[in-house]
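Same chain, two partners: subunit A is paired with subunit B first, then with subunit C.
For the complex of A and B:
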């Protein structure tokens, strides 16, 4: 069954996301240069160009349920190359937040990683790689993931058993508190 | 004994890169009667020409062979050069070593052999050349313009302002064409009528312009400088010499029929002016709807006319005049989409309309006074779909070409809908968006900023469901089938040549392309000329184009006419056909095959032994003949020969190649 374009149920959300990202959606003429340069496109279910197209048509359903918004690495290659400098990473990020707010998580591991990372930062003021890796592996149930790299990384002091801490972890905590007060999402 | 000079041109590396030019010159030097053979880097250049002029004097040459580019490129250059020398300009032959040899071959050895053959043929031919002399024909400095749209209007004003007499022939009762029907023009949104009607008035008042409306060209004879043209003016039943255009007759006429100008969306009377600003601003009677003319009853207009202008006994009149030049500006019509696109309803849905109909709906002087209302029920549409390329880029059902103006007027329509109907949605189905013009891409950007939704794909079907027109298509950017429920659909239909243009082009003896657009003489370098001298082109008769391009082309055609009229007489090419009346059997085969209508049969007094007899023979009109040579190929008795390309010359060329 074809989709009826008159129903633009997500138009309001799409427009508010575009406004917050500082993007004029109508400027995109769908050349696809963004997708062509995207290093994550191979893993995405919705290409960056298609994400903008769905937003133009006021259709957020496909975007909120997509993996792509979770897979975007925010590398900004797309913006750099776009003839209209359309800020796709911001559209991706804001769409991801909107999805999360609706309890929709396209790629669970990405969401978990993000949460563990933020807990780490709250605890130490910096991320503690060894702990983070361990917790991530335990949470995902993939205990041995990346373990073959551990001896090499320990030997070369790329990770350590002891956490690195900042001089003033309280300040970092205060920063995070403030971000949450301002409406940031909690880990 | 002739004394032939041969010059082989390098043309930089164009020829010399593939052909061994030195060898060609060396071979030429060995030929009998060739007394001078050299190569030259650029023969067409000033120093190149000077070398040749010096050689002609030094070696007392009496004919010349130049092995260079196509004669289409530089034959005229070299003939001009020979005018100042002891050689007649027609004692020249050109061997085409560039387009027909170096550019199309890669094998140097074989290309050089071919070049030598081409050179030998030219030398053999030039031996047979005879001096030819141009003659002159007088030029009647009066221009005929066929078609009174914006192209004809612009061309007429330009030619008339230059001081020459102009006649415009327009088959409708008023000039103005399609442009005056449009509401606004892209990308500046100028009011179309506001910018075109002053020009119409200028035409009507210009002392050098004669306006012949309700008229058509019925016969064309003659040639550049003096075309004999017969124009038929249909019966108008109103004496325009007396009529003041008061309009009383129109208010009293009881017969109402659909208005052509308003695309049938409202009514006009049987005695009518097509629109308020018509030029001439005087009514005519439509004999197909007038009660008096059809049934002999009524005559109200005649009773109310205070000046007694109405003449029900009026008849068509024919005028014959001589014109020096003709500009064809017959314009376009829209493709009859109803017959072709059943999937869009084929005309069954009142709310599926064309772009031109939309122009009338959105125009302040139109049937809805500028309110965009659905034709079916007079309500405001909320969701409007615009479908582009209906008949264009569709070789299966319509035409293969792009109609060029639709992308822009569709963007303009979208802009107008979004501006006039707050809250409305516009969906535009397109294949590509083509905006090649100053400020065009910016206008398209603006339309998208206004909120028009562009969907890449063709609509496959329109059907009615719950009072809505459902348009089914694919968003090819998403790769998904989509549909839009519309209240009104506007089709951007293809431009096609004006109805009846074939009859006119046949009469004029000018070529058309497979789509029946009039063929220009050269697509890049002679875009406003036809292959027939003295006949020029302006506007969409040559192919789809927008108003700026049309106006530019009209002014260009006017300049060509003024250039022709700046002389009192013009030189004609001496390379034309001639008939040997002794040999001619009067079969008339040449008459039928001549594309320029230059040959006719005449009766002459001849002798058969001692008896005097009447004999029918072919005769060539030297003004019309363009030297194409069709007749010489067709002539079964060999009576017709083409000067400069005689049978003897061609046979010598063949001998040079084959013997």
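For the complex of A and C:
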């Protein structure tokens, strides 16, 4: 269900994302400090500085279709160093949610992993590294990823067999559902 | 001596097991009483806030609420960088406005006032009284061992949330580790990102991050890396041999938790905190370093 954003709807979305991130887009003067320090820049198709520029121009199409919004590691190096403290990780995150709401997923594996992680928490109240990675490998078809480490984990009992849950996992499940029902987060 | 709430986080039952054991050993030695938050739940880590902000605040807020139930206002010490960050975010959200607090309370179905301060393990251990208590229990030293203290992202940034001593050049871990006689090296990537979960879901893009950190530590003369987070350690330790294979590099940098170095110098047997279970062999370097330093007492 891809939906094209025109100049007006693009600008509206950009402004609403910026407002929710507490960012004044006009404050960015394109100095590039954010991109210079970004550890994921080498893999991005839209640099952090460009993301802000495109938002200033209301060009959300390019942003929603980018890999960058999925690859941002939320490390906060950019906002820490930005002369105007422009919260790029929040812009990235809200853009990612807006992309997802429109059925656009630039890096599918990233989306799958978050989904599996939260499914896990919803079931047990706690997360299980090994189980998560197993489900992830099956879901993505990357069966062998990280498997070389499994014998070591088993030998040293790093893979828990004992149940590792909260007292009442239903409570956490209900909590998550209440939070999601409130919605309003994804534009 | 000191009593505080403790939030271990999910990794401590799995790959962080050794970290947990070293924490327990050190706490026992110095009389630090760590009270696990009753019936704690997962903080949601990065996954929750990439999906939904309310969920990302509510999950850790429930832990704050559980800790508040005894009304003592006791500090909550957090041993994982990601959990620490999420708990701080939740507390600051609860304190930010009555509306935000009411919204979070409605989701967790419990009162939550943010009465209990949240601190990182590095903050806890770098306080003068804890430093002194540690110092008093050290019977061995690691004189001459060169260590690269790796803080990663979330104990340093965003600084308004994490409240590090210095977001670009934090020194808390350096000071703690120096108690053992080990020499923290000055290097560039103390707070560089390890890629976190992108090592799983976007490995091609994220692997260079680990490679850069290891290379920089090595170039600045470090014999090993020291961290204060189970996930940072996992990424730098478990993935190291694969990274060396992919990018070329014929060295190995063992990765320790700062509490492992303290435990070792307090005379705790390395088996008791699984030093032999590291992915990158970690026993040999310590054996040599301890020998070189000799006994202090």
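Here is the rule we go by: the second predicted complex is superposed on the first by the 164 of 187 C-alpha atoms of A that agree within 3 Å, B and C clash if a C-alpha of one lies under 4 Å from a C-alpha of the other, contacts with A are read in each partner's own complex, and residues count from 1 in each chain.
Convention: a contact is a pair of C-beta atoms (placed from the backbone, for glycine too) under 8 Å apart; a residue touches a chain by one contact, two chains touch by 3 or more.
Computed from a predicted model, the values in this text were never measured in an experiment.
> Should A:182 be classified as contacting the first partner (subunit B), the second (subunit C), both, or neither?
Touch status of A:182: second partner only.
> Once the structures are superposed on A, label A:26 by its partner contacts, choosing first (subunit B), second (subunit C), both or neither.
first
> Looking only at subunit A, is it subunit B or subunit C that touches more of its residues?
C
> Give one of first, second, both or neither to describe whether A:57 is in contact with subunit B, with subunit C, with both, or with none.
So A:57 only meets subunit B here.
> What is the contact status of A:4 with respect to subunit B (first) and subunit C (second): first, second, both, or neither?
It touches subunit B, and subunit C stays clear.
> Quick one: in the complex, what on subunit C touches subunit A?
Where subunit C meets subunit A, its residues are 10-11, 13-15, 17, 39-42, 44-55, 58-59, 62, 103, 106-109, 153, 157-159, 167-168, 191-193, 195-198, 200-206, 208-209, 212, 238, 242, 274, 277, 279.
> How about subunit B: which of its residues touch subunit A in the complex?
Touch residues, subunit B against subunit A: 383, 425, 427, 433, 445, 448-449, 451, 453, 455-456, 472, 475, 477-478, 480-485.
> What residues of subunit A sit close enough to touch subunit C in their complex?
39-40, 42-43, 70-71, 73-77, 79-80, 93, 96-97, 107, 109-110, 112-115, 117-118, 121, 124-130, 133, 136, 145-146, 148-149, 152-153, 156-160, 164, 166-167, 172, 174-176, 178-180, 182, 185-186
> Name, in rising order, each residue of subunit A that touches subunit B in their complex.
Touching subunit B: residues 2-6, 24, 26-27, 29-30, 49-50, 53-54, 56-57 of subunit A.
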